[in-house]
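The two complexes that follow have subunit A in common; it is paired with subunit B in the first and with subunit C in the second.
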Partner chain A sequence: MTRVSSRLQGLDFQQAVVYFGFLAIFLFFAVTLYDDGFLTQRNLTNIVLQTAPATIMAVGLVFALSAGEIDLSFGSIVAVSALSCAVALQSFPMPVGVLVGLGVGVAIGAFNGVLVAYLKLPSFLVTLATMGLFAGIARSMTNLRSVPVMNDTFTGLFGSGKLFTVPSLVIWTCLGVGIGHLIYRHTRFGAHVLATGDNPRAAQVSGIKVARVRLYVLMICGGCAGLAGLLYAGRLQAAKYTLGESDLMTVIAAVIVGGTALNGGKGSVVGALLGSLLMGMLNNGLILMNLKVSDQMIVRGLIILIAVAVSLRDTSR
Partner chain B sequence: MKYFNIVAAACLSVASAAGAETVGPNGEAATASTAVQVSDAHIAALKAGNHSAALLWHDQSDFVNAVTAGASDEFERLGIKVVATASAGFDAAKQRSDIETAMAKQPSIILSLPLDPVTSAAAFEEAKENGVALSFLSNVPAGYSHPADYAAIVTDDLFQMGKQAADALAASMGGSGTVGWIYHDADYYVTNQRDNAFKTTIESDYPNIEIVAEQGISDPARAEEIANAMLLRNPDLGGIFVTWAGPAEGVLAALRANGNDNTKIVTLDLSEPIALDMVKGGNVVAIVADEAYELGRAMAASAALDLIGEEVPAFVVAPAITVTADNVQDGWQKSLRVDAPASLSK
Partner chain C sequence: MSDHDVLSLTNIHKAFGGVVAIEDFSLNLKAGEVVALVGDNGAGKSTLIKIISGVYSPTSGDILLDGQKTDFRDASAARANGVEVVYQDLALADQQPVYMNMFLGRELTKGPLKLLDKARMRQETQELVDELDVRIPSASSTISDLSGGQRQGIAIARATHWASKLVLLDEPTAALGVAETARVEALIEQLKAKDLAILIISHSLDQVFRLSDRICVLRRGKQIGVRDTKSTDKNEIVSMITGVA
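Right after this comes the complex of A and B.
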C-alpha cells in the first residue's frame, strides 16, 4: 500500500493525462460503438497499423522537444525519404532502398542539426525553412508522380507483412518505441538530452556537449521521419510527395498530450505512443460513429484542445 | 501536357478539341449518367438485402457536400443505410486508413474518389477482395478492371468543362486577344484534365487567341501574387483561365488591386465571391460547374445495381454547365441542388 501511494505521489500529472485520457476515450468508444466493430481485434489492430508512421515520428520529436528544439520539417522528410527509397528500389535490391530512405532522413536531420547546433540558428526557423525546401524537393524529384513500390520483400517488411501472426507495422512500432524509450530513459545520452533542454547553460558547464546533443536529436528526428517514410511506402506500396504533409500537427499534438514539454527538459516516449494511439483512436471512433466529417473535425479538435490544455496546465505553474 | 502521361492508368480525354469527348481508361465510351437508373423491381431486391454503404471522400467542399447529398438521397430511396462518412483531406495514407476503418462496419458499398491510381491500388484491395461494390468518382486505382473489380467510374465531363470555359472566355473576348493560363500544378487527375482541355481548345479552336502566360499553382493562397506577376509582364491580357474558384478569388483580388476592369476571368466550380463579381458585371464572365448532385446519385445507383448483379456501364459521365450572370440561380440549383446564395439575387 505504501509502495502504491508512493508511486501515485511520484506520478507526473502531465504524463498521467495521456493514460487517463486514453483509457477514458477507449472506454467511451468501447461502450458506444460496441455493436459497430470498434472492439474487434481487426479494428484495434488497424488503429495501431494506421498510427505506426506517426508514432515513429513522435518518438523522434520527443528527443527534439526534450532538448529544447523543434523539428517542423519531419513531414517533408517523410516524403523525400519515401520517394528516395521507392526510386532506389526500382533499380537496386531492398537493403539499398532501405539505406537510401533512412540515410536521406538522417542526412536532412544532420543538415538541420548543423544549422541549429553550430550556426546557432533557432530550430523553429531553420526547420520551418527546410520544411518548405524539402517539400519542394519532394515535388520536383519525381515531377509530382507517385512511385509504385513492387518489391514484395520491402512491402512485407515495412507494410503488409507479418512475423508469425504479428503485423510488421506493429513490430516497427514496438521496436521504435522500445529503443527510443531505452535510449531516452536509460542511457547517458538520454540524460544529456533532458539536461540540455532543461537548462542548456548548466548542461554546458557540467561538461555536456550541448551542440552535439542538439545535432544528434535533430538527426534522430530525421531518421525517425525517414523510417516513417519507409513505413508509408510499404503500407501504400507506393510513395508520393504528399506523404507526411498532414502529420505535423497530429504528431506535435500526440507528443504534447503524451507529456513532453514544449520548452524542453521533460518528456515521455511511451506517452508519445499513447498520444499517437489516442489520435488514431479518435479518427477511427469518430468515423465509426458515423458523424459528418465537419462534426468529426470539431469533436477531434475539442478533445485534443482539452487534452493539451490539461497536460500543459501543470508545466505552466 | 505532361500530366496526361502521369495519369495513364486513369481516364483520358481525347486531346483534340474538335469532337473531343471524355473517354474511359481503356477507351470506354462515356454513358450519360441519366441512363443509370434503378428500377422499382430492383429497389425491392435491394431493400430485402439490408445493405449498407460508406462514403469515403478525398476532401471536403461544396462539391463533395452535393455529391454526398445526391448519393445519400439515392441510397435512402433504395433502402441502403449510410454507415460511415470520412474525408481524407487529400492524404493518401489517411484514405487507406479511412477504408480500413469503414471496413469494420462491413459495408456492402463504398463510394470514393481514389486520390491517385498508384497509391489507391493497395488502399482499396481489402474492400475489393471482400466483394464490396466500389463506385469511383473520377479516378480508378491502377490495375483494376471493370466489372470484376469495381462497379463504375462516374465523373464530370472533364473535357467539356475545360472546353466550355475556353468557349466562354473566347466569346467574352470577341474571339481574339491574349490569355493567361493558371493551371493546377499537381498530379491530380480531375484538375489536370480540365486545365488541359481549356488549353487544347484555345489552341485548336481559336486561332486569334494566344496563350501568352502559363503559370502553375499548388497553393491557392499564392494566386494573387501569381496573378500580379502575370499582369506585370502582360498588362494587356484579355483573359485569364484559373483552374478552380479558390485561386480565382486571389486572381480577382489582384485585378481589383490593379484597377483592371478589362481582363476577363473564367474558372471552374461554383463559388459565391466569384459568382458575385459575375452578377455585378465585374471581371468574371463565366463559371463552368458540374452536376455534383447527379454525380452522387449516379455513383449510388451504379454501385447498387452492381450489388444485385445488374450490368453497369464502366464509365458514366455527368454533364457540365456554363453558369453566367443570366442563369446563376438555375445553375446553382442544377449543380449543387441548393438555392444560390441570397447575395446573388439581382
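Right after this comes the complex of A and C.
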C-alpha cells in the first residue's frame, strides 16, 4: 500500500504529461488517419523501427541531462561511428566493425567528458564545438561519399534481422531502455548521477566523485550515439556523413517531453522512450497526412514547442 | 562526559592566497561536550569547520582525531572517520527523496548485481526520523516539498545516523522559527547524550548559553578566548566578539 502511494507521488505532473500526450496523439492519428493505414501493424512496427536510433540516443542524453550536463555532439558522433564501422567492415569481420563503431563513440564521449569534468569547461560549449568538429571529420573521412555495408551478419544484427519474429531494432530498443532504466533507477551510479545534477556540492561532500560522474555520463552519451550509428548503418546498409544530422532537436525534445529536467537532478529513461515514440508517431502521421516537407517541419516544430512548454510547466508555481 | 580528547586542534593556520582566514587556532573537544564557536560574519567560523571536515586543508597546524593525527584529503575521508557536518548552506539534494539524501554517497545495495536496496533505505530512514521525532510526511517525500525546519531536521538526522565521534554544526537553526529551533536543540541534546563531541556555530547567544559547555570566540580569524559557559555571561562574550570592552 505504501509502495503504491509512493509510486503515485513519484508520478508527478511533468512525468505524467508524456503518457497523456502519447495517448492523445496516438488516438488523434488513429482516428484521423485510420483510412491512411496509421493503425496497421506494419505502420506501427515501422514507427518503432524508425525511432530505434533516436531512442538509444535519448537514453544516453537522459544520463547527461540528469547529471546537469548536456551533449549536443551526439548527432555528429553517430555519423563518425557509423562511417568508422562501415570502413572497418570492408576489411575486417563483424565483431571488429562493431567494436570500432562503439569504441569511436565512447572515445569521443570521453574526449567531451575529460574537457568537461577535469578542465571544468561547460558541457554546452564543449559539445557545441565538438558537434561542429566531428561533423567536419565525418564529411572529410570519406570525402562526402557514403560507404556501403555488405556484411550480412552485421545488417541482420543491427538492421533487418529478426529473433523469433521480433525485429532486431525492437530488441535493441528494449535492451537499451531496459539496461538504461536499471542503471538509472536501481544502481548507486544512477543515484550519484542524480545527486550530481541536483546539488553538486552536496554530492561532493557526501563522497561522490562528481568529476568522474560527469566523465562517465558523457561517455555513456557517446557510446549510445555509437550504437545508434550502428543501427542506422545496419538498417540503411550504408553509412553516410548525414546520419544523425537531424536528430538533435528530436532527441532533446523526446527527452524533455519524457520528464527529464534540463538542469539536472530528475529524469526518466522510460519517459524518454515514450517521448521518442511520440516524436516518431508525429513524423509518421505528418507524412501520412501528405503534408509538404516544409509544412511538416513547421507543424512538428510547433507541436514540439507545445509539448516541451507543457512538460516544463512548473505546477508548483 | 569522558575525559579523552575526541578532537584536538593545535596552531591551525589557514590562508586563502594572501587573505588570512584563521590564524593560530587551538582547541580540544571531549566526547559528550558541546563547544560553541561564535564571532561576527566573516570571522572564520565556517572556514574552521571546513578545515576540520577535510573540505580545506590547513596551511599549517595539526588536527588530531582520537589522538591520531589526521589529514583528510576530502570530506568523504572525514566522514569515513566518524566526522559528520551539517553545513550552513544545507548539503541536501533537493529533488531526491529523503531516504536517498539520508544515504547519499553510502547507498545500500543488495544482490549480486548490487542494485539499490530502496526498501531498506526507506525503512531505516523512517525509523531514524521517528526516533528523533523529525516530523515529515514520509521517508519518500521529496526534499523540496519540506519546510526549512524539516530539511534541517533531515540534515541533522543524517549526521546523527553516521557520526561516531564528532558532529560539526554550522548555524543549524539560522533559518528556523521558535518551535523548529527548539526541536533542533533537542536533537543536539540527544547527540550530546550519545557521547558525541559537538562543535556548533551560532549567532544566537541565547542558544549558545542554552546548549554549550564552553564558548570559543573568533574575531577576524583570531582566537580571542575560550570560556566555560557556566562562568561567563553574555556581556563578556559580546565584548569578546566585538572587541569593544
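Keep in mind that, in the parts below, the second predicted complex is superposed on the first by the 304 of 317 C-alpha atoms of A that agree within 3 Å, B and C clash if a C-alpha of one lies under 4 Å from a C-alpha of the other, contacts with A are read in each partner's own complex, and residues count from 1 in each chain.
The rule is simple: a contact is a pair of C-beta atoms (placed from the backbone, for glycine too) under 8 Å apart; a residue touches a chain by one contact, two chains touch by 3 or more.
No experiment lies behind these values; they were computed from the predicted model shown.
In the superposition on chain A, contact is made by A:L144 with subunit B only, not with subunit C. Of the two partners, subunit B and subunit C, it is B that touches more residues of subunit A. Contacts of A:L163 after superposition on the shared chain: neither subunit B nor subunit C is touched.
By the touch criterion defined above, A:T40 lies against subunit B but remains apart from subunit C after alignment on the C-alpha atoms of chain A. Look at A:I179: by the touch rule set out above, it reaches neither subunit B nor subunit C.
Residue contacts after overlaying the shared chain place A:A309 against neither subunit B nor subunit C. Contact with subunit C, but none with subunit B, is seen for A:G265 once the two complexes are overlaid on the shared chain. Using the contact criterion defined above for the overlaid structures, shared-chain residue A:D198 touches subunit C, although it does not reach subunit B.
Of the two partner chains placed by superposition, only subunit C is touched by A:S206; subunit B is not.
Listed in rising order, the residues of subunit B touching subunit A in the complex are 2, 6, 57, 60, 82-87, 89-94, 96-98, 100-106, 116-119, 121-123, 142, 185-187, 218. Within the complex formed with subunit C, the subunit A residues making contact are 2, 6, 9-10, 182, 185-188, 190-192, 194-195, 198-199, 201-208, 261, 265-266. Against subunit A, in their complex, subunit C makes its touches with residues 53, 55, 74-76, 79-80, 85, 87, 89-96, 100, 104-107, 109, 114-116, 138, 140-141.
Those residues of subunit A that touch subunit B in the shared complex are 36-38, 40, 42-43, 46, 49-50, 53, 139, 143-148, 160, 232, 235-238, 240, 242-243, 245-246, 280, 283-284, 287-288, 290-294, 296.
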